[in-house]
Amino acid sequence: MNYLLITSIFTGVIILVFTFIAIYQKNMVAAIISTGAVGLFASLMYLVLAAPDVAMTEAAIGSGLSTFIFFYVLNRIRSTDKKKSDSVKNDQL
Amino acid sequence: MISPIHIITIGLGVAFALGFVNKKAKNFSATIMLVAIGLMGAISVAWLTALLQGAETVQIFTAGFKPPYSINLMMGIHEAFLTTLINVAGLLGGLYLLQSLKNAGNHAIMVFLVFIMGLNVIIMTRDAFNLFVFMEVVSIATAGLIILTETGKSIQAGFKYMLATGIIAGILLLGIIFAYYFSGTLNIDSLAEANITTLKGGSVAVLMILVSIILELKPFPANGWALDVYEASNPGISAMLSAASATALYFVLFKVLAIANENWYHILTVAGMLTFIGSNLLGIKQNKARRLLGYSSVGQMGLLMAILGLKPILGDKLEFIAATILVSHYLAKAGLFWLAGIVENDNIKNWSALRRKPILLVLFGTFLFVLIGFPPFPSFYGKWELIMQLSSNQHYYVLALILLGSFLEGIYLFRWLGYAIKMDFETLPELNINWNKIIPPVLFGVLVYVAGYFTSALVPELSALNYIPLLFIAGIYFIDSLPAYIKNTVAIIGMSIYGYQILPPLYENDMLRFIFAAIFIGGGILTLTAGYAYKGKRSGFYPVALLMYAGLAYIIQATNTLEFFFGWELMTAGSYFLIIRGKKSMPHGLSYMLFSIAGAYAILAGFGLSFAGTGTYNLSSLAGISSNITIIFSLLAIGFMTKTASLGLHIWLPGAHAEAESDVSPMVSAILLKAGVFGLLLLIINMGHNTETAQIGYILGWLGALTALVGNLAAAFQEDAKRLLAYSSIAQLGYILFALAMMSHLGLLTAMYYSINHFLYKAILFLTIGAVVMRVGTHMMYKMGGLIKNMPLAFIAVLIGIIALSGVPPLSGFGGKWLLYNAILAKGWYLQGAMVLFSGIIAFLYLFKLIYSVFLGQMKDNLRHVKDISIWFAIPVYILIIGIMIISAKPEWVLQPLGDMISQWYPNAALAWNGGLATGPYGYWNGNGIMITVGIMFVSLATWLWMMSRKAVQVKQFNIVYSAEAPQRPETTHISYNIYAGYNKALGWIVAPKITAFWDTMTEWIHSLAQYVRQLYSGNGQLYAIYVLAYIVVVYFTMIF
Amino acid sequence: MDFELKRLGFTLLGLLIVLNWGLLMGAAMRKIGARVGKRYGIPWFQPWINLVKNYAIRTSLSHGIMFYLGPVFRLSGGIGLFLFMPMIIGSQLWLNYSFQGDLVLIMYFQFFGMLGMALGAGEGGHPYSAIGISRGLSQFTTIELPLTLAIISIAIQYDTLSIIEIVQAQQGGFMNWTVFTNPVATIAAMLSLLGVLSHSPFNLVIAPNENPIGPPTEYHGSFLGVLQTNRAILHVVEAALFMNLFFGGATNWFEFFAKTFLIYFWSVFVGVVFPRFRIEQSVSWFLKVPLVIGVLAVILYM
Amino acid sequence: MEYIALGTGMLVILAGLWAIMTRKNLIRIIIGFSLFDTGIHLVLVAISYVKGGTAPILDSTVCIQDAAQRIVDPVPQALVLTAIVIGLGVTALMLAFAMKMHKEKGTLDIRSFKDLKW
Amino acid sequence: MKNIFTLMILVAFGIMIYPLVNSFKGNDKLPELGNYYAQPENVTKVNSANLVTAVVVTYRGLDTLGEVSILFLTAAIIAFFLKKQTGKHEVRENSEIFTTAAKVLFPLMIILGVYIFMNGHLTPGGGFQGGAVIASAVILMLLAFPEVPVNQKLLSYMESISGIVFVGLAALGALIGFGYLDNAILPLGTFGKFLSAGAVPIIYSFVGLKVGAELSNILVEFKSVQSNE
């Protein structure tokens, strides 16, 4: 039990750290990866909370697929920006 | 009976199955979709019929478990009704969107189908989480539909929408899960039983659920995203969102409210009223049609939300009120958005394009009147009932706010209608109208009337209402394509038959009503006679004219306040359309309508308060009111005074009367204004005996006197003949108000006599001047002159009219003055009386100006060959002149029975009649004798002078003055422009347009306020998200404090 | 019927008396005015000569039907006022036709002539006549206000609008006259009278001594004769009205002549002393001083 | 444990809302939205937890009879499953919108999308 | 400045949700609803070893239906929203190792996904998870072979068929069972065995297929946008 508690505290802290990174990291790629990591560690938390179904789902969908879609979109936006020679520095926003 | 759950089966099954259909076979997919929605609709209609015939409400269980252990749906009368509405909207909306859907492809068709299905489920479901899921279905489908017609704007709107609804949905989910935590159930009914609001956390959970649903209903100011959606998406989609989605979400709120405690009713009321007023305020500044409709839609939902919040007060009336207003909004808003799609022009000034297809204009007008709540539409009954219930329960603030909001709504809706009716449309492109785009709005237009009819059947107070006049008007509308003279004949015959039926019994029983009925119907027939002078079709004239007369007839025949108000609103609508027909009438029509609406709301509030006091709608029950007398009397009086155009409320009149068509001016002046007089008279005979009302009467007396003074002075300074007559009407109505306010036998008698007289001479003058204007083509008197040579008929008519008006013996006006003197002395209102008499003398100024400038003086060269007035104008005018002669020679024929009638209420200081000699408390008057004396003297003197000067040589006007040398510019010799300059110098300050300036300032303030408030909607989607969250927070802190 | 015929006869006789008295008074006033202005003035019979001359002029020009009806209206107004005004109290026959209407009738019948005159002059097409009329009407409206207030005041005082009753109430010594019982109303009314009779300083309307301006500009011959006839009658009747209301009426013709002369003289006296007002001046003046006095008169009796 | 999950969840919700309300980049806003969702899911799962419970799957270790005493609540877990999928749908759709908006204006700054206002 | 205002709102929101956290005491025992589902007689009525699956597919099957429609909607909307984006493909060479591995892994992942959703009533996982795994397999292929066009028609047919089967089974429950989505329309079988829980595995399998197809569809749509510049 204690072990689980420590795990959950640890996970919770990691989640919050990644959340912070996701919001404030200037590099969009890192931010997106952090978002995925938040999902991943959340699914760890779910496992701890005896919810394997949810954990699987979150891991596959929340952190996997949605990160992929983010990247697709980011990629696409970047390629558009590259075409327009004047690159708008969106990431600094 | 098919289980309602199969709505889902059909909806989803067909949507999924559409994946098989070849991408190219778009027609096929679209047809399938419509069939599927039709089947869904058929299920709900079948249930609606079954439930209406007494079937039991059914619960639909899923998964073989009973609730609360599994999700259940419910099909009761509410659900059946609302799903029917949604499926009908879906079917017609789908039909309307056919091209757009096909362009976007099969996927869009699927999305539309799932959207409709989702709306059905959120109505039926009884499970909180299921509700959440299907609300998500609907909101994602909505996001998809927003970009059905893809534009930059619609994408932005879609993103803002998703952002806001995403937050809302998250909060809802949090609320639901905590509600589950505290109660252990997800079923709405079980949640309601669990009563978790008593827990500290539980109340927050409930708050989150309710606030998110409120937010889905787009409360002001957290609704910027919704407005953008209404504006930017395809109008067909906006129609769906406004009609179908809003309806479903409203029911969700209704359903979920079960879990709340009574504090929530206040929150709902406040949120609803804020939305209603806020949105309508901002609508005023809006010129983009679809966004305007968005404001209106949001506002209406706010009103409905407030109504839900008033549930504890409204009790079992809630359903009737909410249903009528909801259905009206549903039909009207869908119809308007559909029209927006047909017009394809987002500037409301360009909606005159509707005139290319008159049927569209009729639909447009119908929908706008539905929104405002005019009879015979359902919302009228809903608003009426709402006001009655609110006032019965002393919720005056809410009542006032509702009326204020409705008024603000009226401002922009009628401005818009005015644009549609009056703006040029020749420069606008043709409308391209597909059959599938025209069917839905037309169908909804018809449905509005049908719904109105069925709603009125639910109102017992209207059971005695005679629908024949309305049917007759509808009939006239259908023969609108025939030439004017045929319709004119039909209209005159119709009115004659109606008059033949109602006048004799009134003559027997009720002289007061008889007089008014005779003015309304007799005057109506006479003024319609002038209509023969018009060539062509005169499209749209007859239905609206008859609508006004029907309203007037209803007012006369009304026995209860509802019937009265019904007639009053019909009359207002009809007269509005009559007034706005004039060439430059757009602003005047608007101000007329706004004053009328404000007045009607004052009347409504007054009737509401009287209902609260007496518990009955009966008109005669006004006499039995014992509480709130001052307020009721004031409200009703103000309401009626907007029609009589008393000082301060008069600014609509001059323009409205002056710019109206030649035969419309007498209708709206000589006849329409009497409706206000009739109302005031009813008020005074019923409520005049109280001490409180006597005090108000004192104020009204001064007001009447001031009105008379200012009206007459202003008339004296006019250069426009019809405007002059219009100001004269204001003044005359001022006398009548003054006389009525005396609340004495002689006062009422004076008022009645003045009413009859005013009808006679103002009809004569307006008809004649109107006919002259038709000939010479200008209203400006200084551009006429010397027309006596060309227009002897008109001259004689005007001469008799002005003698009668001025009160010079022997014509009937003198009787009025004499009665007034006696009444003033008997009442003791000396100073205000002197003011009235003084203003009566000022009348000479404008009367002289009128007849001199038009008929006398130097003739203008360009008018040398005009013909006399049209015979069709001359006929009614000379009939009216005969009326004046009769009433002048035999005043006792009218005054004696009237006096007897008035003695019922005011027996003191009545006139004593001895043949033609009337003896009042102060003086005596023999109308008959004076007529004969003056007549003999006049004729003998005329003969004598003629004898002496019979060899007189007819000379041209220039021959004497200018020694037969016409001056270079003959027009300068007609001294007419500003002839009372000296008088103006001395007294002009009285008529400085301070009141107009006052109202202008008011308008400006409202506009500035709207401009200021609407900065809230900066267009930044993020800001809208912040508003959403702030809204939740504010509601929370309001709750806990 | 017999009585009615007799009444008609007496009324016509009264009319004749009033006409001649009016002409005589007119001459007298001109004379007085001239003497004050150090001029000799007209002979006392000049008005009769004028009248006869005008009626006798053969050439006669007309601008149309209303031009012709104008003087008819004007004279009807004057004679009508006479008809509805009780002349000598105490005799049924000198009461004329006043049983058909009361003070209100008199008040409003004044306009009958004015209106007709205005219209007739209007048809003449002369610009000056229009100017004159507009001035006359403007001034007249304000003149009526203090008069109305004064009349309301005495109507309250005597509780009636019947002239006969008002006169009867003033019988029995001059201290019963309204001028003593209700001096404020009397002052207001007497100030109005100046305007009613259109003498200086309120005579801009007809401005007799200057270039031909005012309503009668275009009239001449028999038309002008009619107007002059009316003027003579009207002045006496107006004076009689004031006499009846404020100075105890007349019980015989001598009293009638005396009182009307003095009332008429009052207006002439003021006219001689004061210069002429412009229209906006006179309008403003009437709405200041006489109005305040009139309101005071009403308030005192409220 | 569930307290930690709940607390973390709530903090993530607040952080997500903060991101939605203050970041100007559309993608970042959507990230915030995604975080907001994850936070809610954490809260839901925390609520489903029963002290000392096992996963609601009945197998050799948990037999039918004492299931009620040993398992955690399956209901919120089922709800989370649904919510996760919904969240994905919404996120995907928002990204598609963001992509289109970027294509239109060449920027991701939300302040430049103010064509509709008032 | 605006951020301070936003912060205030957020803090206020935090204050508002604090009572929720504060009154959260955890669960000492199952709440009423969960308890009912865990009762042996009710467990056997559904006969699904995985109670979450039981809840997802039967008790709250309607939610699942809604959820499936949400994915369906998302896929459909993205499809018509992004459809005009097809254009030239920009071919990029992937390393041989990667492509070979992808070729090998793809069928394995598909099988894994199928396994997950077919055993959804017995083991953790189910339709969504299985579907997600299938979609991951598709992603893998998309990454490995960006130039190979995806048979979207197949995906779309798969989606439609599984959707119709789902709805059909649900409706069948209403027609021959005790209610919509009643799983007892098929024999309940033995508890804990593969053939148990009546229609649950079938429904969940089709949910899995459908979710897989829909997610794949979404990804493919995004990818097609991707490759078009």
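When the chains are written out, they are named A, B, C, D and E in that same order, and each has its own residue count from 1.
The rule is simple: a contact is a pair of C-beta atoms (placed from the backbone, for glycine too) under 8 Å apart; a residue touches a chain by one contact, two chains touch by 3 or more.
This one's a predicted model, so the numbers in the text were calculated from it and none came from an experiment.
Between the contact lists of chain A and chain C, the overlap is empty.
Path length between chain B and chain E in the chain contact graph, taken as the least number of steps between touching chains: 1. Take chain B out of the picture and the remaining chains divide, by touching, into A, D, E | C.
Averaging the CA coordinates per chain and comparing them to the mean over all protein CA atoms picks out B as nearest.
Distance between Cα centroids is largest for the pairing of chain B with A.
When the interfaces D-E and B-C are ranked by how many C-beta pairs touch across them, B-C comes first.
Centres computed as Cα averages put chain C at a distance of 107 Å from chain E. With centres taken as mean Cα positions, chain E sits 20 Å from chain A.
Inter-chain centre distance (chain B to chain D, centres taken as mean C-alpha positions): 50 Å.
Centroids built from CA atoms put chain D at 99 Å from chain C.
In chain B, the residues that touch at least two other chains are 129, 133, 136, 140, 143-144, 147, 174, 178, 180-181, 186, 1026, 1029.
Each of residues 51-53, 57, 61, 65, 69, 72-73, 76, 80 in chain A touches at least two other chains. Of all possible chain pairs, those that touch are A-D, A-E, B-C, B-D, B-E, D-E. Within the complex formed with chain B, the residues of chain E that make contact are 5-6, 9-10, 12-13, 16-17, 19-20, 22-24, 31-33, 36-37, 42, 45, 58-63, 65-67, 69-70, 72-74, 76-77, 79-81, 83, 156-157, 159-160, 163-164, 166-168, 170-171, 173-174, 177-184. On the side of chain D, the complex with chain B involves touching residues 13, 17, 20-21, 24, 26, 29, 33, 36-37, 40, 43-44, 47, 75-76, 79, 82-83, 86, 89-90, 93-94, 97-98, 100-101, 104-105, 110-111, 113-118. Of all residues in chain D, only 1-2, 4-5, 7-8, 11-12, 15-16, 18-19, 23-25, 27-28, 30-32, 34-35, 37-38, 41-42, 45-46, 48-49, 52-57, 71-72, 77, 80-81, 84-85, 87-88, 91-92, 95-96, 98-99, 102-103, 106-109 touch chain A in the complex they form. Contact residues on chain D toward chain E in their complex (touch as defined above): 2-3, 6-7, 10, 13-14, 17-18, 21-22, 46-47, 49-51, 53, 55-59, 64-65, 67-69, 71-75, 77-79, 81-82, 84-86, 88-90, 92-93, 95-96, 99-100. Interface of chain E with chain A (complex): residues 50, 52-53, 116, 124-126, 128-129, 132-133, 135-136, 139, 215, 218-219, 222-223, 225-226, 229.
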